[in-house]
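Both complexes below contain subunit A, partnered by subunit B and then by subunit C.
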Partner chain A sequence: MNLETVAQLLGNGLLLGGVYAGLGIGLSLLLGVLKIVNLSHSAVLIFGSLIYWELVNTLGLDPILAIFPVVVAGFGIGVLVHRTVGQYMVREDSRTMVLAFFGILVLVESAAIIIWTTDTRTVNVGYLSQLVTFGSLSFPLSKLVAAGLTVLLMVGLHLYLTRTLGGAAVRAISQNIDVAQMVGIDVTKISRRVFGAGLGLAAFGGTVLAMVVSFSPQEHPRWLAWSFLVVILGGLGSTLRTLSAGLIVGVLESFIGFLLPFQYIYVVLYGLLALLLLVRPQGFARTKQREL
Partner chain B sequence: MNRLTEPDNLGASLQMAEVNAGYFEKDLVLNSVSINVRPGAVTAVLGPNGSGKSTALRVLSGFLPARQGKIWLDGEEISALSPGERLSRGISLLPQGRSIFPELTVEDNLVLGAWLLRHNKSELKSAVEAMFDRYPLLKGFRHRVAGSLSGGQARMLEFARTLIVSPSVLLIDEPSVGLAPFLVDEVYDELERLKGENSTILLVDQNVSAAVELADYVYTLAYGENHLQGNKDSFEGQLDGLIQQWLSL
Partner chain C sequence: MSEPKDIALGGARASSSGVKKSRPWAGALLGVSILTLVLPVGFGTSISLMTMFSAVFFYLALAQGWNLLGGLGGYLNFATALFAGVGAYTAAWLHNQFELTLWQTILPGAIAAAVISLLVGYATLRLRSHYFAIFTLILTFLGAVVVKNMPALGGGAGIFLDLEGEWTSESIAQFYFFCFLALAVVATIIAFFVQHSNFGYALIAISEDETAAQVLGVRTMDVKLRALFIGSALGGAAGAIFAFFTSYIEPGGIFNLDIALDVILVCVIGGMRSWLGPVIGAFVVVFLEQSLRLLIPSLSVFGMELPTETGRLILGALLVVFALFFRRGIVGIFQSRRGRNLSV
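And then the complex of A and B:
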């Protein structure tokens, strides 16, 4: 393997990793802040991909501009779901919650199959399909844009969570919801927005995924597994760690795919995940709280 | 001392009158309990485990609704108000156990404690600085994550976070629980300071002798009902007997 190949593989991996981080961020937010294991994450993600496909392929919208209505719709639906059932579901025990979200997964997946069938679809990304070259290296513009938008979004989210009072309130809810309520934070209102953001970000993940790969409604569990991989590796509580985890997974996949037959990618990556869970279950997250 | 049958009216700033409350439908933790929190004084609520002391604080702060009975603040009925609304009227709860945001900095913990002031940035900032002036030790830890503080430092941060909105009534639940003995002294020094500032305090504590020594007025609960009440002096010389009695309950 020469240096040029390494650089190309690294570049491919980082771009793929950027997209993977985009897949996981909505899941990470809901799990980290609201302690919700959103099993329906990938179904919402693929639903977002399908809406995005309609906007770009059928209505002819610009592939970058078309992302915004999908994310806004995801946020709106999230707020609605929280207002109607989500706020009650979070009070139930974790088993009930997982089952409830599995129910939502089946519902969303079934709706997607009824509307769009099980056909595999590819978004016609138009001007984003060209290759961008850097010396002897070349990358699809669609991947550069998908990864770049994800990084921008995640840095923005990180800055919101760490530099603003609203972000501090979100982090406070994630760390001690009772005390957050005691200091006067409207926990229900903020939780509703976070839930909306979680689904909006899942829809965003669907758009960047659809920008770079073909997809079909019933294959979303694969992306759920990938999202969990990124979230577990990154640990909870930091957007930037989720981004780093996505990039690492992307780079590993890129190199493993080059060095080993394709079917080994899952074995190696999930083997590493199992090992990580054994030796460092908190992922990249630090544990800081001091005991009395 | 006398057995309480009717809530008295001694100009209390916060009053709980004949309140029933519980966590489960068929379970009554408080049964017709009445407590008057007198302005500018320390009122202690004592009793054995499970007598309903902490539940009374949850009801007063709005985290547990009263099924029956009423809550009054300076003559205004507040029974139907949410915890947030009660906080904005000056009722602030310092719960038992750790109540910090461990991964946020000390400063962020204080800023969030002043959440009610969030629309007035300068007021919020000066409230935070006032707390750093009051607790100089915390100033040195301003940018440190709160989870790294020692038990005593964390307790001081919790006091600061509770006091930052200048509450008119402080509800304090088991402030010394889980702390090393020398830290318990620090906590009671702080309570003495608050008393010296004429703060209105309702204190629940298992540390009976320290609580009675600090208090101006004492209530005892047993089996979720009012048991005894009286001025601190009326409990003197009877604490050992009282504790023996609770241990046998």
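And then the complex of A and C:
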């Protein structure tokens, strides 16, 4: 393994990792702010991929522009779900919520299979499929765009959460929802937006995923595993840590995939996940989060 | 070490018997009468009826195992298919490699599943319950990937069990009817005794408030691990019988979230806090699924035939409805709420 291979693998891994960070961010937001375990995260994600596929392959939309309607639709559906059942689910105990989300997972997955069957699909990314070369290294433009968009989005989200008043309200809700209400934050409205953003970001993850890999509706638990790994590794409460966790997972997968037969990726990454849960369930976070 | 354990769990019994007068003999009577009602199905009825009841008992056994940790303890385990699959593959492999019979493979199947459950449990049961839920959900997928890449277990193509013997299809259906019935009875008896023991009270304490239970001296990790262990051993045994029953297993079919969905539906629809819940739920869910399977191809919406996934869609919706609005299941309808719920 010479230096050039290492550089190429590292580059591939970082780009892949950018996409993986995009997979995890929706899950992380809902878990961190609303304490919602969105088991249906990956089903929503793949549903987003399929709609994106439909927009790009069937309607011939530009692969970058087609991301927006999918994300907006995800956000809208999220707000709608929150308005109907979501806001009651949030107040339930976590077991009821997990059961309900498992039901939603089955619903979304079955709907996807009914509409799109179980075929494996690849998005025809058109002009994004060309290679970009940096010296001796070359990367597909689609990966660069997917990772770049995710990084942009996550940095933007980080700035929003840390530098604006709206972001402070979201963080207040994540710290203590009752006190947030007492100090005059409209908890219901902001929770609704965060819930919508959680599903919208899941849909965004689906679009960037669809840009770089082939996917099929029934294999979505794989992406739940990856998202969960990113969330656990990054810990809750910081977008930038989630981003770096995604990059680490991507680089790891890239190197493991080069050194070992591909199916070992699953075993190694699951082993890593189990190990993390054992020794450091709070992720990179310096201190353990306080729970009330 | 025995003395501290008694103290640790003794408190749980004292507080719980104060608010709830259970009548175990009434439950036992009910169980025996249900058993005498279903027993005649095994004699001289049609093959399809016996097969359907076999499915009921299969899910009943899995659900009783699941209900210990999931229903009483509040830790939702979505890896039922993994533990049943480990049992099934162990049985199939032992049968093809060493020509062991069904009876000789049930125990190894159960042990293999229980050992896997210990590994999973040590890694995840210390965490809050929702991490456990996600982790077990993705484990089923890992099981499928690992088995698909193991040539010794047939890989993606699966394993055939070469069963010989001059049995009529009727006697086969009858045989497995009684196999699954026996397992379901064993599972129900275990669930019954767990529910009326300190162990069961400790599990309920964990589901109500784990930190408080810990403070009161319940060794929560131990209790949760034991519940997972028993549940997955039952799952492994059910999987072992299942492997012989279908005589062909493949990773995509057995490491499938549908099994987890069915088992959870059984518990949620029946009622999660009682051993009786899965008994009722298993009958309801299997009959419901059978009728959906028969009904859906005959229905058409706007001239289009409904795909088979529609049944699954309905089951998913049903789970959401029951989880949110009928949290105590069918059993809950017949029980008046005893005692009080205190929250701090």
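Please note the rule applied: the second predicted complex is superposed on the first by the 287 of 292 C-alpha atoms of A that agree within 3 Å, B and C clash if a C-alpha of one lies under 4 Å from a C-alpha of the other, contacts with A are read in each partner's own complex, and residues count from 1 in each chain.
Everything below uses one rule, namely that a residue touches a chain if its C-beta (ideal position, glycine included) is under 8 Å from a C-beta of that chain, and two chains touch if they have at least 3 such contacts.
Nothing here was measured: the structure is a model prediction, and the numbers come from that model.
Asks: State whether A:89 touches subunit B only (first), subunit C only (second), both chains, or neither.
Replies: It touches subunit C, and subunit B stays clear.
Asks: With the two structures laid over each other on chain A, which partner does A:224 touch: subunit B (first), subunit C (second), both, or neither?
Replies: The second partner, subunit C, only.
Asks: Considering only touches as defined above, state whether A:165 meets subunit B (first), subunit C (second), both or neither.
Replies: So A:165 only meets subunit B here.
Asks: Which holds for A:99: it touches subunit B only (first), subunit C only (second), both, or neither?
Replies: second
Asks: Applying the touch criterion given at the start, work out whether A:152 contacts subunit B, subunit C, both or neither, answering first, second, both or neither.
Replies: Neither subunit B nor subunit C is touched by A:152.
Asks: After lining up the shared chain so the two structures overlap, which partner does A:6 touch, if you call subunit B first and subunit C second: first, second, both or neither?
Replies: neither
Asks: Quick one: subunit B or subunit C, who's touching more of subunit A?
Replies: Comparing subunit B with subunit C, the partner touching more subunit A residues is C.
Asks: One more residue to check, A:178. First (subunit B), second (subunit C), both or neither?
Replies: Only subunit B; A:178 stays clear of subunit C.
Asks: Which residues of subunit A touch subunit B once you look at their complex with the stated criterion?
Replies: Residues 165, 168-169, 171-172, 175-176, 178-186, 237, 288-290, 292 of subunit A touch subunit B in their complex.
Asks: Write out the stretch or stretches of subunit C touching subunit A in their complex.
Replies: Per the touch definition, subunit C meets subunit A at residues 74, 76, 78, 122-124, 126-131, 133-135, 137-142, 145-146, 148-149, 207, 257, 261, 264, 268, 307, 309-310, 312-313, 315-321, 323-324, 327.
Asks: Quick one: in the complex, what on subunit B touches subunit A?
Replies: Those in contact with subunit A are residues 61, 63, 83-84, 87-88, 93, 95, 99-104, 108, 111-113, 115-116, 118, 145, 147-151, 161, 165, 178-180.
Asks: Going by the contact rule at the top, pick out the subunit A residues touching subunit C in the complex.
Replies: Going by the criterion above, the answer is residues 31, 37, 39, 85, 88-89, 92, 94-96, 98-100, 102-107, 109-111, 113-114, 219, 221-222, 224-225, 228, 232, 263, 266-267, 270, 273-275, 277-278, 281.
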